[in-house]
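For reference, the structure I am asking about is given below.
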Amino acid sequence: MSLNNEEFRPKIVAFCCNWCSYAGADLAGSSRLAYPADVKIIRVPCSCRVNPMFILRAFEKGADGVILCGCHPGDCHYSTGNYYARRRMTLLFSMLDYIGVENGRTRVEWVSAAEGVKFSQTMNEFVEKIHSLGKNVRLGDLRCRN
Amino acid sequence: MQELISRAKELLADGTVARVLGWRAGDLPYNPEPAYFTTAEELENFVYNGFCGANLSKYMIEASKLEGKTMVCLKPCDTYSFNQLIKEHRVDREKAYIVGVGCKGKLDIEKAKKLGIKGIESVSGAEMTNAADTLTFQTIYGEKSCSYAEAMLERCHVCKGKEHMVYDELIGESKDTKDAERFAEVEKIEAMSPAEKFAFFQKELSKCIRCNACRNVCPACSCRKCVFDSTKFDSAQKANVDSFEEKMFHVIRAFHVAGRCTDCGECSRVCPQGIPLHLFNRKYIKDINELYGEYQAGADTESRGPLTNFTFDDCEPSIVTQR
Amino acid sequence: MQRIGVFVCHCGSNIAATVDVKKVVEMVQMEPGVVHAEDYQYMCSEAGQAKIAAAIHEKNLTGIVVCSCSPRMHENTFRTAAQRAGLNPYMVEIANIREHCSWIHKDMEEATKKAVILARAAIAKVNLNTPLQPGESRVTKRALVIGGGIAGIQTALDIADAGYEVDIVEKTPSIGGRMSQLDKTFPTLDCSACILTPKMVEAAAHEKIKIYTYSEVEKVSGFVGDFTVDIRKKARSVDANKCTGCGVCQEKCPSKKAPSEFNRGLNTRSAIYTPFAQAIPNVPVIDRDACLKFKTGKCGVCEKVCQAGAIDYTQQDEIVTEKYGAIVVATGFDTIKLDNYDEYAYNQSKDVITSLELERIMNAAGPTKGHLERLSDGKHPHEMVFIQCVGSRCSDNRGKSYCSKICCMYTAKHAMLIRDKYPDVNVTVFYIDVRTPGKNFDEFYRRAVEEYGVNYIKGQVGKVILKPNGKLLVQGSDLLDNKQILKEADMVVLATAIEPEPSVRQIATMLTASIDTNNFLTEAHPKLRPVESPTAGVFLSGVCQGPKDIPETVAQAGAAAVKAIGLLAKDKLMTNPCTAKADELMCNGCSTCANVCPYGAISYEEKEVNDHGIRETRRIAVVNNALCQGCGACTVACPSGSMDLQGFSNRQIIAEVDAICR
Amino acid sequence: MYKIAKENLPALFQLIAGERELYVPVNNNGQVNFAAWTEGAVVDLDTLKSVKSPKDAFFPQSENLYTCYKDGKKITIQPEELQNQNFVVFGMKACDVKGVEVLDKVFLSEPVDSFYAARRAHGTIVALACHEPEESCFCKVFGIDCAEPVADVAAWMVEGELYWKALTEKGEALTKAAASLLTETDEAKVEAEKAAIRAIVEKLPYSDLSLEGWNGDALTEKFNSPVWEDLYKPCQACGTCTFVCPTCQCYDIKDYDTGHGVQRYRCWDSCMYSDFTMMAHGNNRTSQLQRFRQRFMHKLVYFPANNDGMYSCVGCGRCVEKCPSSLNIVKVIKAFEKQGGDQ
């Protein structure tokens, strides 16, 4: 057991598209598939609604990890939204990697409405990854630290 | 330069254009400023030399709103920016009479100064007609010289070539001044460890004073109102209270111009703190080329930009961790 | 500043057992804007809704947060409740503290903490909500049914009987679908054609129904109530108006080597053909890949023999553009390819067949005229083995993870029919489980075992070996007796898994309807909205939504029809107000947004604006609210942030982010 | 007068930094700016001008004013502490020192800016004479003698030795604190250096710039001049000139929500920005021409009108060097001069 009482509890923001991933998260819930409470979900209509500024904003304000979930490529409710999201996030993540942010702090996962198991698994994995990376010190605003 | 002036006079005289957008001789040997000329008399102060680095494309946004055509002098690399602005409906091609001016590489006076050349009274070797590859400075502290290439802007070392992408006529010869690999610096950073990368950018960005010079000269940053000045994102923090703000600003700025940035290098040219801002834009260009196929913004006016496009089998964002 | 009321639902013990709802009520009262907070057993109940209404009136609430189950469940309920109490329904936000909190966390303290944060995020969002007004759009009173099988036919008939125009688009030359290929149906054993053909005729004769056979949907644009669809009528090479359906052309056609699709390739057909005798329309098509005239230029026999002069080699594909208010997808299924199942020797032996092929063999119009015989040598079989679950309930990725649902019953049917007609044939069935939920289904299965002596063996078949003497050796296991079985058979029938007709993918893309990993179309809600697609105005009929048998299909076809009728009966529709909107003072007119809009909802106008005293004419993006579906792609593409999404604005999302991260 | 060998400066810095904060010109990736001295910092006294003026030592680019904390529905306000520690700014030039004098006019007159006043009270300036002035310099025009800076301590760098002369009480105190490293000397070499510097200043291209006609009375005439119309056009409205300027004093006050308190801070603003002095009704200057004119009218007309003729330009030349469009105050002055001549 760690002697440190202040166990690291990461702040994790999960953007989920309304049609697939949010429903996938609902299914994970109704199937009682647990994942850590550190994950908080924000509902967006589509993965393509997620502006890179939202992701940086989350980090600025103290998030330790940000994950974006959308419909599987080809299954977007709006037919093409996740394709744009895929390019945007690829480039954004690449830039974050380039400026020296540990590249496990961001992730994109396609989760369908039927994939409650995958949703829960993904979140468990992601939280574990953020635990291994520790607190986000490179991409936060110092003023927001407690 | 004389050829340019006489042609400008002709175009003004025959009514083809209502004004000429070029450079006016400065009060120091190296500081000509972008200027409009409407009469033959004013054109006596017209100058075009190695110090005319400013990309005049962006000025055409305002000039497009004026009555009549504007003769605008564009260097080969400036024409990419102009094309991109046409694509985004920001300039009116019909309002521009584009004279593609020759370019043999543009100079960065800061580079000369870094070589210890100061108190400059006059410069020779920067004229366009002169093929000299040495710059000679008369200074208060005696005569100094350096090679032309030594004082060239970073962007000219990775010259995109001597072809103009759009023009009505060409005046003067151009030279491809490329003598370095465009992505070499980016590759060097990519090869660093995360900690080294972070340290590198922290050091560079800590110099940023958020003066917005990079944004305001950028022909791709042509928004009427920038998100960083807008209340819509609550991102208008203005000052560098915290080092995060520079990262946010530069990452988002680079992202907003990704796929639209022609790599004209104006951002790095104007940064008062000498931050190599092109390293952000060029990283995106390199990624786009590698992941979505070669793309040069401004090479044409019709193609879909890489961020407003996709293919069904694009790579997944996880490629970032796999590379 | 908003006046926000927060309502925390216990959901019985669903929430309250893990989340300390009293604590949530106490904590949210500290949040800016919150003037009222209370908890209740069931917020969605009438009494719960009444509490919300009362608070709206008493406290003059301008915004509401309900901490409850998923907004996918009850957002509408609470919006309606708020609206009844005089509040704009878009001033309601849901904090999902059930599916995303109480159901997945065990520790009460932790779950309560998270519930408070989720509530805070919703409160932060509501603080920035603005009342939204839905727009109106008209409804075109015509429905499109994609697919002319029993599902499509039944849906079309029901819609037409209600008095609305309906078009069926069928890609093969005739309507009828899979059901027309079946010989008998379970559990009644009546003749499939005998019950289907009258429906086909009825559809063809119905004055409100128009049938496009040998046609495909090419393009779909628009939205609920106002779809515009391009239908490609493939060149039939036969003028349907002139053709009398005499059949002489098919008789005389010299090219008779094309595999018959209808008979699953077990025999051949002529190049000019109608798929089966009762085809509707009874107008043949020329298979241009098989026709000598098209391949070599020499022939033209059909043209010569056609008394009606109906043959037209120059016919071209034709695009018909029609407007529809509702679209029903009824694209049906096919059996999976057996390329991954070499062990069953399907590709090695003609005597290993699929169940659907057996249907054709048993059918009087089939390749063997209804005689049960081996396709390899035409001999009468004595030993038949049926293998169940070929490609269904598959745990690896060779087949399908789901149960195809119909196989148990049709195998029992086949076994029974064979034993009845050919008592000399021994029938053995290898199965994993026999699943017979359905009216008279289990009785049917038991009759097969008890009355007809069908030998059911619980166990899987590992391999089918083709012996030199032409017989088949089936290696299986008997799980009940725990022994290996070697059985010699004359024929092996594979109960092959079914999958959605592959073309459904393209159709789903055109309709922007979502599809699951197995290519089945997704319903808007698996229990409560099983015949609607999440895409408004698109309904699901038959197996395209999931495996089902004929009565289920017909039932669902009727349900889909009712949903479509419900839509068509409206004169106007309210449009979703959560659409994109450009701030005209910030818009650059750069067209980036229009480039990413999947609905073509953005156009540009030259508009005079007054930008803080600067008056000028600018190119500005304008969003068509009826076309915009609110995905938000444009909002991120827009470099200046001029384009924003109502209901999910930049500031709202950022407020949620801030609330979560603080 | 004292002196110290250049190679002993690190020891001097260490000594000073040991008891108070010390700001020196530091080279960070090729750019020289004033920064807190730390062990290993690359101090650069040879580069004539820091990119940013050292005004941040007294008027930081951004500074917190107070923080609001919320506990339940209760809000507490915690003001930021004023500067209460002594500090030294080493290596300011005569123009930069004059720039601080300009700021004093703004921040030390009523109502006194307590944040600024506290920093001024605790700061000691060691000013360094300009060894080799450059072509962009025009401090002479504003009556500044870069050969003889006026500060708490004046210093000269001559032939590898730093000469040091305390001019104020604060200067004396600092001298005393540094006494162990300073040796007494005469002023001979310094006098020669001063003469040499002044000779160079005479040769600078801008030294003969005339400010005739620029004063507090010139308001209407200058404001309404058509010259602005032509002058402003190359301006791209970046704020570089204001951000490198030693006298620009405008700031904006903003709030930042840290998630556990709201910080109210102020930060430099630029009159070149379209959102400068944005109010509920919009902006009082709507065009770039107006904004451009404002900057120069303020420096050369409004400021002298309110401050006994003192211009709010000190001729440091930073804007001359840093403007992306090669515009600057000198060109403005010359343009009016030319127009005056033409008439």
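To keep things simple, chains are lettered A, B, C and D as they appear, and every chain counts its residues starting from 1.
To be clear about the criterion, a residue touches a chain if its C-beta (ideal position, glycine included) is under 8 Å from a C-beta of that chain, and two chains touch if they have at least 3 such contacts.
Owing to the predicted nature of the structure, the values given are computational and were not obtained by experimental measurement.
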Inset, instruction - Give the chains in contact with both subunit A and subunit D, ordered by label. - result: B, C
Inset, instruction - Grab the C-alpha centre of each chain and report whichever is closest to the global C-alpha centre. - result: A
Inset, instruction - Sort out for me whether B-C or A-B is joined by the greater number of C-beta contact pairs. - result: A-B
Inset, instruction - Could you give the separation in Å between the centres of subunit A and subunit B, each centre being the mean of its C-alpha atoms? - result: 37
Inset, instruction - Indicate the whole-number Å distance between the mean C-alpha point of subunit B and the mean C-alpha point of subunit C. - result: 53
Legend entry - Whole-Å gap separating subunit A and subunit C, where each centre is the average of the chain's CA atoms: 30
Legend entry - subunit B, residues touching no fewer than two other chains: 225, 227, 233, 241, 307-309
Inset, instruction - Return the residues of subunit D touching two or more other chains; collapse runs of consecutive numbers into ranges. - result: 256, 258-260
Legend entry - Overlap residues in subunit A, where contacts from two or more other chains coincide: 52-53, 57, 61-62, 74, 80, 84, 88, 141, 143-144
Inset, instruction - Pick one for the touching-chains graph, please: line, ring, star, complete, other. - result: complete
Inset, instruction - Would you pull the subunit A residues touching subunit C in the complex into a rising list? - result: 11, 13, 18-20, 22-23, 25-26, 28-30, 32-35, 37, 40-46, 48-54, 57-58, 61-63, 71-72, 74-81, 84, 88, 112-115, 120, 144
Legend entry - Complex contact set, residues of subunit D against subunit C: 72-73, 257-260, 282-283, 286-287
Legend entry - Complex interface listing, subunit B residues touching subunit D: 26-28, 31-36, 54, 58-59, 114, 118-121, 139-141, 203-204, 206-207, 209-213, 215-217, 225, 229, 236-241, 266, 269-270, 272-274
Legend entry - Touching residues (chain side subunit C, partner subunit A) in the complex: 70-73, 96, 98-101, 103-107, 110-111, 113-114, 117-118, 121, 505, 509, 512, 514-517, 522, 534-535, 578, 596, 598, 629-633, 635-637, 645, 648, 650, 653-654, 656-658, 660-662
Legend entry - subunit B residues within the subunit C interface of the complex: 65, 87-90, 222-227, 230, 232-234, 256-257, 260, 304-305, 307-309
